[in-house]
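Notes for the one structure printed next.
So that you can tell them apart, the chains are marked A, B, C and D in the order they are listed, and the count of residues begins at 1 in each.
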Amino acid sequence: MTSHPDDDSPKKKNTPVALIVGAGAGIGGAVAERFASGGYHVCLCRRSNASALQDAVTKIRAAGACASGFLMDASKPDTMEDMIAEIESTIGPIQVAVYNLGAQIGHKSLVETSHKTFELGWRLGTFGLFRLAKCLLPRMVQRHNGTLLVTSATAAVRGNPGQHSHAAAMGGRRLLCQSLNAEYAHEGIHVVHIVVDGPVLAPDTLGKMLGPQKFAALQSSRLLIDPKAVAETYWHLAHQPPSARTFELDLRSQQDVPWWNSISAISKL
Amino acid sequence: MTSHPDDDSPKKKNTPVALIVGAGAGIGGAVAERFASGGYHVCLCRRSNASALQDAVTKIRAAGACASGFLMDASKPDTMEDMIAEIESTIGPIQVAVYNLGAQIGHKSLVETSHKTFELGWRLGTFGLFRLAKCLLPRMVQRHNGTLLVTSATAAVRGNPGQHSHAAAMGGRRLLCQSLNAEYAHEGIHVVHIVVDGPVLAPDTLGKMLGPQKFAALQSSRLLIDPKAVAETYWHLAHQPPSARTFELDLRSQQDVPWWNSISAISKL
Amino acid sequence: MTSHPDDDSPKKKNTPVALIVGAGAGIGGAVAERFASGGYHVCLCRRSNASALQDAVTKIRAAGACASGFLMDASKPDTMEDMIAEIESTIGPIQVAVYNLGAQIGHKSLVETSHKTFELGWRLGTFGLFRLAKCLLPRMVQRHNGTLLVTSATAAVRGNPGQHSHAAAMGGRRLLCQSLNAEYAHEGIHVVHIVVDGPVLAPDTLGKMLGPQKFAALQSSRLLIDPKAVAETYWHLAHQPPSARTFELDLRSQQDVPWWNSISAISKL
Amino acid sequence: MTSHPDDDSPKKKNTPVALIVGAGAGIGGAVAERFASGGYHVCLCRRSNASALQDAVTKIRAAGACASGFLMDASKPDTMEDMIAEIESTIGPIQVAVYNLGAQIGHKSLVETSHKTFELGWRLGTFGLFRLAKCLLPRMVQRHNGTLLVTSATAAVRGNPGQHSHAAAMGGRRLLCQSLNAEYAHEGIHVVHIVVDGPVLAPDTLGKMLGPQKFAALQSSRLLIDPKAVAETYWHLAHQPPSARTFELDLRSQQDVPWWNSISAISKL
């Protein structure tokens, strides 16, 4: 793991810490900014692109908030575990963790989907969340407090043609979240499975997958989900009091059609 | 319909209007207070108990907010329709409607459930929502704007022994909400189906059903859902921007167990 | 109720009895023929068209099997209850009941759906099943034996635009079935909710709704579900032993797309 | 891979071939016997215990039917692929494949679940099915014909405490099945996801997990699902004609309670 925990970060006493695993230019980045502006020290974590990571950290600090950046490859052993240990020892106990790693690889037929691709989908989509939970939730239990927000996708609730890897990874993610919730809710840990049911205004991921023309067309159609709006809902969920907590909800643009009424968004793109 | 639209209410120009159908001492009342404190003119509506209704209205006005009270029996013809017409002509266009009428009648075996009971369950649980939607949503469409928040229950997603009337009514409610959303979301109307998955701190309904002893025991167990906390989530949902809207979510106490992991709450009480 | 219990029917001792409510030219008629050829005395019941009913009865008898016909309007009081009492006293105890009344009315927007239409949808879609269950299941319980097969539709699991009445009625039907199963399975009663997820080769209902041209086009597309094939699955379900019983399953043509992958079939027609 | 394709097996011309992956003493073995007695050449496959495998093959042959046995470890590379190639070249084209590998490991808290255990759950529960499908379905497509029956579990539709590995593996399995069905149904391939929602009379697996006393108690309670009864339903599903096919169904003892009405069966054992 390469990391830079930013020793010169303006760490304040008693600032709560939020970890965002998968803090790119879409939902992850927007959630980081929202929690930073709400008073959290946010730890942004992504696999690659150190300069984009540094830019995101710098932008948050320029707004007067606290942020640290981490490069971490969740498909490699010990990376997640080391990062969490480092954050908790040098920055503070993680109060909110956001697991925002996607596993979408576009439309690939069964024949086109290699064993390696399918396994990588699982490593990022399911196993990485298990590793984060196994490492972090016991720590949260000792503190009787903690929130785990899991970004998920249509593929968690509906398999589509060409989505073998993605659907298997996300179906596993959803059921793992249910299992974590069943074991930990009564200990004060709030697990939420968020079904992001539509394309997101994320130039890094969807933008690259679609190419500039299709992405621009999608933007003007008002079908795209705005990460900033999503971040407001993440913030709300993270602060629901113990007496009225949500485990699962869906999010989509009002111009879009829910998964149960529509064909695959991937097919439509 | 007996109503008292409170001519002396401090109606302000451009104040948005929220209608709460089923504004008793539980979720309905708390939602009314939350929207009133957020700047809405709230219209509280309940079937009976004029003095409790007047007290709720008075309390909100004492806090400097706007409220009107309506007595309305949703099992009678034209009552819903007349009330909506009256509100829209004398108070203003309804921007947010909350359908909060329950149809829970406790545990009744099939043999004990009369035709009349089953029909009343449908009239309040399903048909009343249809009537509200049919009357109000076309008005909202003309204004390109409007929110319909529907309180629902575990029985909308899971049938239990002794819940024939309730489950049929709520199962109909959920699918009706899906149908309304499918027809109206792209017109700017936000429909939300909220699965309240557990007993609510509502002295009026659950308290009366259980009796004081069981209700007090439940209160000390921290299993009860706090209506004030629920109201915060209703407020959040009503203000999600068009680019990231929720259709369905669940709510329960962290001490409780989700419906998919547990036996019927009614059986447990 | 007008009925003709066919005094001259070749009633044999110990012949099990199957009641098919909604025995038209689609699934109901095919199920009647399948159970008749399997040794049941089948009681065919439909709302109207005495000559079609008589033809169906005659056809079954011509094949050497036992059948009786009943005209019964499930939207009227006491009709269901009187028919069941008559069958049980004159023909024999009903071992298998098939509830096959549909409530599909084609695409009707919310504005086009009258209160009367919505109520009739519920009377046939939900309340009729409740009445049948309330009348018949306690009799079955005394015999420690009985099967209730409920034909259902995509609209039981997914609401669509223009399906307000149908979705509410079928959503209620599904949850009622769950509630009945929860109360009666351990008493030996087998309740099955069958999601017929696609258009059926039923000239009486779909054929009339679509008109001859569209219906013929659909037939040649191999998208239509064959009632005879459905009847084989109903037969299998009715004879699952107590140690491995199904509550819910779906059925569609292999050329069709499941509801979770597709837009509304009604919209596609 | 160690295998013994039984050169002396009485292979008849035009006998259809059924492959059962996970042919132990429970559902797999019973399904093998049912398809053998129905005229299939059955290929029984299990990870270990060559003598039990030989006994099962011998028993089927003694009844005059065709069977071959294979030892295959689905957690190892190339084993599945080699076995399928061998069967298709030496015995004949596989018409029906049954994926019956379980991934249940009993109750293990998150802390007790090692990375290795979680990964093995996925290798057997999800990845093995992907490998079988990727290898076999394109062959079936060329023949315009083929059936894939997938045994699944409550954990595919509901996560429980102590079921992190199992729920993630089975949740992935279910969504993968949906994705396979979405891509292949219209090509004539019938994929079925069978939710075995309760403990099975399987001495090999459940018996060993519970120990003799608990298993005997369970047997006398009539809560156990009988593999022979399950096999009849698998037979029915494999022979549904193209015009009325099932993708998903549940199976349980009438004495048991469906997953949506009950707490975890594992917790109850």
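As a convention for this text, contacts are C-beta pairs under 8 Å (C-beta built on N, C-alpha and C of every residue); 3 or more make two chains touch, one makes a residue touch a chain.
Bear in mind the structure is a predicted one, so any value in this text is a computation, not a measurement.
Chemist: Going only through chains that touch each other, how many steps at minimum separate chain B from chain C?
Modeler: The fewest steps needed to get from chain B to chain C is 1.
Chemist: Consider the two chain pairs A-D and A-C; indicate the one with the greater count of contacting C-beta pairs.
Modeler: Answer to which pair has more contacts is A-D.
Chemist: So, comparing C-alpha centroids, which chain is the farthest one from chain C?
Modeler: Taking each chain's C-alpha mean as its centre, the farthest from chain C is A.
Chemist: Centroid from C-alpha atoms only, then distance chain C to chain D, rounded to Å. What do you get?
Modeler: Inter-chain centre distance comes to 33 Å.
Chemist: Could you please state the distance in Å, as a whole number, between where the Cα atoms of chain A are centred and where those of chain C are centred?
Modeler: Whole-Å distance between the two chain centres: 46.
Chemist: Per the centroid of Cα atoms for each chain, what is the distance between chain A and chain D, given in Å?
Modeler: Taking the mean C-alpha position of each chain, the two centres sit 34 Å apart.
Chemist: Among the residues of chain A, which ones contact at least 2 other chains?
Modeler: 157-161, 178, 181-182, 257, 260-261, 264
Chemist: So how do the chains connect up here, line, ring, star, complete, or something else (other)?
Modeler: Topology of the interface graph: complete, with all chain pairs in contact.
Chemist: In their shared complex, at which residues does chain D touch chain B?
Modeler: Of all residues in chain D, those touching chain B are 157-161, 257, 259-264.
Chemist: Flag every residue of chain A that touches chain D in the complex, lowest number first.
Modeler: Of all residues in chain A, those touching chain D are 109-111, 113, 115, 118-119, 122, 126-127, 130-131, 133-134, 137-138, 155-164, 167-184, 264.
Chemist: Please give the residue numbers of chain A that touch chain B in the complex, ascending.
Modeler: The touching residues are 178, 181-182, 185-186, 188, 190, 201, 222, 224-226, 229-230, 232-233, 236, 240-255, 257-258, 260-261.
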